[in-house]
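We just call them A, B, C and D in the order they show up, numbering each chain from 1.
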Amino acid sequence: MVDLSVKIGSFEMTNPVMPASGTFSPEMEQVMDINRLGATLTKTISRELRDGNPPPRVAEVECGMINCIGLPGKGIEYFLENQIPDYLRFSPPLIVSITSTIHEDFAAMAREVTVPGVKALEINISCPTRDPNGGNFALHADETAETVRLVRAATDLPIFVKLSPNAGDIVSIARAAEEAGADALTVANTILSMRIDTHSFRPSLGHKVGGMSGPAVKPIILRMVYQISKAVSIPIIGCGGIVKAEDVVEYMLAGASAVQVGYASFRNPTAMVSIIEDLEEWCDKRGIARVADLTGAVQDDMETDTYIAAAAGI
Amino acid sequence: MVDLSVKIGSFEMTNPVMPASGTFSPEMEQVMDINRLGATLTKTISRELRDGNPPPRVAEVECGMINCIGLPGKGIEYFLENQIPDYLRFSPPLIVSITSTIHEDFAAMAREVTVPGVKALEINISCPTRDPNGGNFALHADETAETVRLVRAATDLPIFVKLSPNAGDIVSIARAAEEAGADALTVANTILSMRIDTHSFRPSLGHKVGGMSGPAVKPIILRMVYQISKAVSIPIIGCGGIVKAEDVVEYMLAGASAVQVGYASFRNPTAMVSIIEDLEEWCDKRGIARVADLTGAVQDDMETDTYIAAAAGI
Amino acid sequence: MESTVFAARPHVVGTENTVDQAPAAPVEEILTTVLANDSINDEYKHLIVTASPKALTAKPGQFFHWLCPSPDEGDLWLRRPQSIYVVDKERQRLEFLYKCVGRGTNGAATLKPGDTFNMVGPLGVGFSMEPGWKNVVVLGRGVGLATLAPISQLIAENGIGATVILSARSPDLAMSGDLFEKAGAEVITVTDTDGTSAVENVEAIIEQRVADNRADAFFTCGSNRLFMLMKRLGKKHNVPGQVAMEQIMACGLGPCYVCVRTFEIDGVKTLKRVCIEGPVFDMQEAMGW
Amino acid sequence: MESTVFAARPHVVGTENTVDQAPAAPVEEILTTVLANDSINDEYKHLIVTASPKALTAKPGQFFHWLCPSPDEGDLWLRRPQSIYVVDKERQRLEFLYKCVGRGTNGAATLKPGDTFNMVGPLGVGFSMEPGWKNVVVLGRGVGLATLAPISQLIAENGIGATVILSARSPDLAMSGDLFEKAGAEVITVTDTDGTSAVENVEAIIEQRVADNRADAFFTCGSNRLFMLMKRLGKKHNVPGQVAMEQIMACGLGPCYVCVRTFEIDGVKTLKRVCIEGPVFDMQEAMGW
């Protein structure tokens, strides 16, 4: 019997796997048992109705995809009235993802979505597919801190801050978020990328550029989780390129307390459930009684002398 | 008859394909005809003898690899005496890659390697596998400018500045390099990444982290080439994940004048020659008489209205 | 050994030890077995695969999301939507008609009998027949003929008469006629080769059916030009219509908002997702493509 | 259609229309055809493939760099080094003996007769025999037995006598004995099962050969413990020696500096690349692993 439960601060999950924002909706019940998930997480909500970016909105690349959805949505009112009840039909705790281009509005939105049933907020300050400079606060430590500070004052719910891998020094942004009162960090959003169609000579995406996700980004984001976990003491939610149980293990070893899965569900719609089951089996085989023990368990006391290391066994 | 020749400023190449620094040496003559290349480019040279990082120095990841070589080398004296003559056995023009952690020493090295036979310098200010803060000037616009300014004063050779994809705002670094006198920009070095072995719980690399290359990084670096080409007027050398002729076309459309190939040669040691031949065939089929015409030829006048784009044909 | 890319045991129906985790869910990921995958002309292939009971609930106009094998050395990571051509409940088979246009479809073209082929479905909203409709007009071209084909099953089941206009560059590309003929429909093939596919000619045929009171509803797919024609005639004569649309997709299930198309409802433009709000839409609301 | 991953026409010998671009180059990328790939015990497989003329120039101790097929759904991008087991010039074949330890080798294990298998080689510096050597001692264990095996070809060609000590966990893992016996060598198998593989016992055997003047040179591979023993005895008795080493590789050709090992030459530590400066090194310079 493996104990799969994990905690992100006070936020409790029966297992460490939840969907990544924008890749999940209650519509997934068409194909899967949503109650198997560790948590549910909404698509990022904006205050206003947003159309999103011009199609094509996706381009396939080696080991991943680039999207330029651009955060479409029907706005916060519609969300509160129609979508929250839809999510609350399922048992996993609900996290709501919100965004804004104005710090104060971010806080106001946080207050408005602090309603019964919502168990945590994810603060999306890192979407690379919105308009340039459109709320991509996660590129700057001061903007990040300001948002988190205001949101912190506006709600008692746990706040998960979603960071951007496009930031040059993500560790300093992570520290700023922690100091401003974040309860956890989601690491990370997509990486700004591009594809050009060599037949038509046109960008493959209607927005020209978009955010890359999938296995291609995993080594980069994993490195960020590792660096950040050395620098902050709040929990980390790993997100980027997870497609199998071993990826969850890798992220947890690097310091993550839980993970989000996006891309994999596009390829295998029940991927999250498979990953949860495989994770249990993996722990079982390994004699690991509590999956939570994996968090930060990387053994990184490496030999630093090159001559000694180059005389060691493989 | 396709004209494959390109120019990087005054630096002329019979075709746009050259090796990426650190993935090539005259030892490649064991398996290929080096004279087919557009240029040759040395491993980055440091002043002193360097051992490099502890092994393991490579980790395989989905669609690429992470390396933590750490710029080993026998130092500049050995290089001038033994390695330059070795490179000069081949006909393609020779580019020498140099690095230092001290701005003034960078300039001194540039002066020292400005010797007959060397046709251009690549200024490596972007290696993520050296010691932390060890000359990774490309993360900062001011440090970049300072290096380039001093190197510019020290040599008349064309200076190609190799940028770092780990910088948060690579466009501003590119501008700084241009203003300081760079003749071209190599975009880009590897992306800091990590893998953890889920059997041993240890980082897969002796240096814990390393630089990722291979197709996984192509969409990210391509986006950077595109952004930079809109911001500067000096030529760009695209580098990252090129494994086939279409990748060269994609980089050139985005704004590159030439390209570098690294990873692909590890998988197929004659990959560069194949790419050159395939590029010629590709141009021929397309009726493109001069490959140089591809540079910046992306058609990026996209429809910006989402409703109009979402009513258009695929 | 560690698996490197995918969940070791995805809940794919057809794999060993599969437990159906969500029996109430209408959609599933299935491993089908290829029975045939033959070229029917220079551009199209006809795929026949085995089907699970859930897959056999597929309705005309719905689609499956294919995980295509690679035609080159690279992996394909995103699925490709393909509408159902025939649901053969009796022999427990699905049939598809697809055009080889890019990596995914060229990869599918490499499938051989006996191969397993992973698909997710059935997905989306299909065509529907309203009680009271006695005669309908079906107009398709190109790949749209594959999508419209299962309407033949609908009209047969509902005892509805149909005029089916198949438009194609040349006669050999006018597919699906046999299915409609078997269902008792009148099949008219118009081609570019003999000039009969000109809009005016098609318009005349449809106008005639309207005049003859044999156009209770319109169905179309595959050509923006012909869709525009039908939409105009539908509006003019107040004939309800359905159009099957395409858009590049990722999830195929609704969450990702990749597959949006523009619609106009009461003069207001809005976006709808082809995968879950379609692919079949009200003809007067659709804006074309 | 656009190829998505690899150069459409790599200069792989064995592919259609291949023109050898660098006929003078000693190394090439070749598509071999698998003739056999059988398990010889629980851990090792024996691969036999067709070889090109260049591949047949491979010398004992040299290696080939395998592009392994995937054992799971993910691509393998880096090659895996495998030393040559037998060069069969007559039948134009290469043979390898490999242990299935990870993705690459488990992928190779899936190869079936008739499959094509891409490898680059021959690579590296192999074993050498000096004129004047009459009797040598060969000591190997584990996978090292595969690497040492072609020494049997060297001694046969040079008419040299050899004592070959095969160390293994159990008798069935003591491979390559037959090849050495055919070459006229004295083969001594020592195992963990019967305790004969203990260092003291092996040391006694070697000391005896030195005493008998039948140890002009030492060769070893596969066990750090046994290497240390031989290095010590070689130093003690001034017997030259060669050791074949392993390190994780990328390029296999010299440029990348991934495959370094530590060596000590005149008291000074230095790094050498296993792929091009080895894999066979001077025993007294090597530091073990």
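Throughout what follows, a contact is a pair of C-beta atoms (placed from the backbone, for glycine too) under 8 Å apart; a residue touches a chain by one contact, two chains touch by 3 or more.
Note that the structure is predicted; figures quoted are calculated from it, not measured.
Undergrad: Would you identify the chain whose Cα-based centre sits farthest away from the centre of chain C?
TA: When every chain centre is compared against chain C, the largest gap points to D.
Undergrad: If you tally the C-beta contacts for A-C and for B-C, which one comes out higher?
TA: A-C
Undergrad: Once you find the CA centre of chain A and the CA centre of chain C, what distance in Å lies between them?
TA: Whole-Å distance between the two chain centres: 35.
Undergrad: Which whole number of Å gives the spacing of the CA centres of chain A and chain D?
TA: One centre to the other, that is 46 Å.
Undergrad: Where the CA atoms of chain C average out and where those of chain D average out, how many Å apart are those spots?
TA: 57
Undergrad: Pull out every residue in chain D that's touching 2 or more other chains.
TA: In chain D, the residues touching two or more other chains are 2-6, 74-75, 247-248, 260, 271.
Undergrad: Can you list the residues of chain A that touch 2 or more other chains?
TA: 51-52, 55-56, 62-64, 198, 215, 246, 306-308, 310, 312, 314
Undergrad: Quick one: in the complex, what on chain B touches chain A?
TA: Those in contact with chain A are residues 51-56, 61-64, 66, 70, 139, 166-169, 191-196, 198, 200-203, 206-209, 212, 215-220, 222-223, 226, 241, 246, 249-250, 253-254, 297-300, 302-310, 312, 314.
Undergrad: Which residues, counting only chain B, touch chain D once they are in their complex?
TA: So the residues of chain B touching chain D come out as 22-25, 27-33, 36, 43, 51-52, 55-58, 60, 62-65, 67, 69, 72, 214-215, 243-246, 263-271, 273-275, 277-278.
Undergrad: If you look only at chain C, which of its residues touch chain B in the complex?
TA: Counting only chain C, the residues touching chain B are 2, 4-5, 224, 246-248, 260-262, 269, 271, 287-289.
Undergrad: Quick check on the complex: what are the chain A residues that touch chain D?
TA: Touching chain D: residues 62, 198-199, 306-308, 310-314 of chain A.
Undergrad: Which residues of chain C touch chain A in their complex?
TA: Touching chain A: residues 2-12, 21-22, 25-29, 67, 74-79, 120, 123, 247-260, 271, 276 of chain C.
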